[in-house]
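Some structures are shown below for you to check.
First subunit A sits with subunit B, and in the next complex the same chain sits with subunit C.
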Partner chain A sequence: MQNGEHFGMEDETYTDIDGKAISLECQSHSGFCREFTVSSAKVSISRVMVYTCAVWMTAYIIFFFTENTAVLSSAIIITLVGMMIHIHFVKVDHETLLVIGSLGVQVSSSYASGRESTDFIEMDKIKDIVINEAIHMQRVIYYLCILLKDPSDPSGVSSVVPLFQSSKPRLNCLVKVYRSCQEILAKC
Partner chain B sequence: MVENSPSPLPERAIYGFVLFLGSQFGFFLYLVWAYVPEEWLHSIGLTYWPQKYWAIGVPVYLLAAVVVCVVMLFGVNMINTAPLCSVDNITDVYARGQRMVDCQKRAIPRLKDVSISDVNRMFYSSPQ
Partner chain C sequence: MVLKIFFPQCCNKADSGLLVGHWLPGQDSAVVLAVIHYPFIPGQVKQYIHQVGCVGVGWKNEEAGGEGKTKEEKTGEEGDKVIFVHYEQRKVMLSQLHPTDPPVPLTQSTSELRQVFGTVSQSESLFFLDKYDDSPVKLTHWQSEGREGSIIVELMKQASTPVCLLTAWILVVCSLSVSVSRILNVFPLRFISSKLCSCVQLSYRTEHLQTVSSPTRATSHTDYMRKANIFMSFLLDVTLGLLLIYWLYRENRVGQLANALLPAADRVAKELEELLQWLMGAPAGLKMNRALDQVLGRFFLYHIHLWISYIHLMSPFIEMILWYVGLSACLGLTFALSLLSDIIALLTFHIYCFYVYGARLYCLKVYGLTSLWRLFRGRKWNVLRQRVDSCSYDMDQLFIGTLLFTILLFLLPTTALYYLVFTLLRMVVVMVQGVLQLTVDFINSFPLFALGLRVFRSYTLAEGVKFSVLCEEPGTPLHLMMDINPLKFSSVVQTYRTATYSCYPKDSWLALCKKLFLGELIYPWRHKTTKID
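Coming up: the complex of A and B.
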């Protein structure tokens, strides 16, 4: 089995659209199978502590004025439940794109709690994998997306699947993934 | 053919002056209604006026409506922006329906929408 090439260790550092550092890892399993993993920054313990302290201080101040203990217990419950929901549903640890020539494409998101959500798209449905620009929240960003074929119109696009939604890498990272994907798609 | 030019014309001068007089009269009437006490107006014989509360109410409502409209305009724009998963970012009904007529040799090609795959190949595949 071939070893993976770790592009995260090159001199080129990748960032996402907000400037936070991310890392890209490209693994070439065989001539027609490649896997790309974009990892975001992990949950930072200092941010967690800052948020927890802020919430508990506000709850204590409110308790100081209202003398209602329900404020304190509700603050604790809100903090715990909020953290659990965040790491299980919101915080994405890494996103993976696995391209297998003539078989299909697998897109997988792994969350901070370990939960993984995976989607597989057959190669017959895929028209192309392209880098598109679109307006997103008062900005224009580049994003990699899979164009799906329209069954009724062979040259048309029926729907779009955007990739790397949570990590949102910048153009240098996307171009690398794009060129690698196009090599595989051109073969099959 | 009627020319649409913004130059001053006699009719426009008359419209402007009528509007000016009307707005000055309307403002004077508003001040009279807001400040003159009810008894004086009743003693003259003018009894059917709106409540004086509206002399404050209407301007405040209008200002609040302006502020809400600014916020809502921002929100409406965000709602109307196509999400990243929408086909409207790739193509639309006019690009799909364009005729691909082959151009003659040595002629400038017809203006058309280039597909996103070709654009990507030009930008990112060719070594630059």
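Coming up: the complex of A and C.
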């Protein structure tokens, strides 16, 4: 595999556990450094319009009965503040996994407003990267996670860091990422 | 094996020379600290490197068109891979990796990042020479353009020693005078001063000032942050107190407050009297025992009458007292708030007294009832074995016991109602005092300096690092850029909160309800004697 090779969307389209389309991008920077980006669906304009209309219709109805203009201005403020909080704190645009052999693994989530929250785990603390099963609501789903070493017990696992939590890709996408990660982890 | 080289960004554009740094053995990595330029005398350079305690590696950094290409000759093998991690030396030097453990010597077991940060911050002696110095060795590092410093910081450092000594001397004099006056009457004064919030707050602040004004420099990072946080919180306190004084004394608000205080106290007393008259009648349709009702009602009414007379007696002096008390806010807003809490406690002392009377009466009644209930059933409480045993009573014991039980049972609703009413009133006063105490606690423990550092110089408080891949071309080693990931705001507040006397309710809700039911006295906002974070 040459450096800088870039796989975009392949023939196989990936979906998340709810059936919405997501995209996976694998970038190989070097023989032992690879970056995986899973992008979820963007904010849909129809949902935004539906919510805004619902809130404003309710405000107008209340205004019609109470004749108080504070209701209207508070509805506008609530809509704006709610939208800002949603795109800054809730809506995840894409999640990235950067694996650097013998240095560590970096997990980062990028929100719709551009904010990035990053976490770096050193290679000494990582025991393995595995695909695990979990019971989520009424079904069983697969998720990729990093197992961390327990300092007191060399063969034990102290904690589990789940990856791609907002985009929740399905098994085919996870297997691809898993195979790539294991190649790098096996080398060092 | 993959070799990791941590390379400072400031040396990217340096002229060719010798790279000087540290080798981290357990991790297969090297931290480059500076570049020594040609021409140099190898003997002098060797001596300098030994003096500073680094390892010099014989690599050449050749400047070629703005991009530094490094030829490594250490390992002769072809298949070895190298990662270059670029870091900004100034930020790594000044930052502190969290969680800040007690400083241990860097062994192989500490994590790689901690070793890198530790290496850079411990190499201060290497960064003393800059390019304007006349020395045989010419270095490039983050301070080679000239050692940076701020005039204000240097002036403050010079001024801080005499100020610290002066403050320490003043504190010693004050504490001596307090202890001398305390020798005169030991018991009552100490008891009162432990109950009053303002005295507690004063002692607390004195302790703080003693910490800040100690002439020894803070050695570890946590000590430094604690001193800075205490100092900033003290400044904020005094500023807010001065603002309060300005607002209070501007339009004779103190006079207005004093004039409003007396009618307010009168109104509270009148409301209480009406409440008692209501209880003495038929409150909420319940039928009270007339005799007991009259006795209790008259007892409490007489208390209120005494209280109102006392307030009226004090009324000419209230304005003067308030004026001087308001001036004390220059010691800090926390002191003013704790004084306010104490004034509220003093003004509502009669409610506290009523609560204690009602609670004690109710408690006695409940204990009497439980004990006589046992007698009713032919049982007894065995104190020796701490359990309930059966017991045979005499006829007259049973007769009197049953009689007393009936009397107490039928008098229960009256006492219970008085107890309920006064407990509710007491709860209201306790809530108000609790809110004031929580505010004081908040101002005392809030780490303003740490938050300011996080906002303006976010690289000083580091939670970790983040990597981003710089341009990559096939055939060249991988270049990564290492940035500092700052600590989250919630972690900053949690890590750097000053320890305070905890003021949270120490009983759980269930224990509180149980105490209320049994009639035990409740003190939910008890000051703890030891500090809790």
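The rule is short, and it goes like this: the second predicted complex is superposed on the first by the 180 of 188 C-alpha atoms of A that agree within 3 Å, B and C clash if a C-alpha of one lies under 4 Å from a C-alpha of the other, contacts with A are read in each partner's own complex, and residues count from 1 in each chain.
Keep this in mind: contacts are C-beta pairs under 8 Å (C-beta built on N, C-alpha and C of every residue); 3 or more make two chains touch, one makes a residue touch a chain.
Keep in mind the model is a prediction, meaning the values are calculated, not measured.
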item: Superposition on subunit A - do subunit B and subunit C clash or fit; value: fit
item: Contacts of A:Thr66 with subunit B and subunit C, given as first, second, both or neither; value: neither
item: Touching partner for A:Gly101 - first (subunit B), second (subunit C), both, neither; value: second
item: Which superposed partner A:Val160 touches (first subunit B, second subunit C, both, neither); value: first
item: Where the C-alpha centre of subunit A sits as vertex, the angle toward subunit B and subunit C in the overlay (nearest 10 degrees); value: 80
item: Lowest inter-chain C-alpha distance for subunit C and subunit B in the superposed arrangement, angstrom; value: 17
item: List of subunit A residues in touch with subunit B within their complex; value: 127-128, 130-132, 134-137, 143, 145, 147, 153, 156-162, 165, 175, 178-179, 182
item: Residues of subunit C that touch subunit A when the two form their complex; value: 1-2, 4, 28, 81, 83, 85, 111-113, 464-467, 469, 472-475, 477-478, 480, 485
item: Touching residues (chain side subunit B, partner subunit A) in the complex; value: 78, 81-82, 84-87, 89-91, 96, 116-117, 119-121, 123-125
item: Residue ranges of subunit A in contact with subunit C within the complex; value: 2-4, 29-33, 35, 98, 100-103, 106, 108, 118-120, 122, 124-125, 188
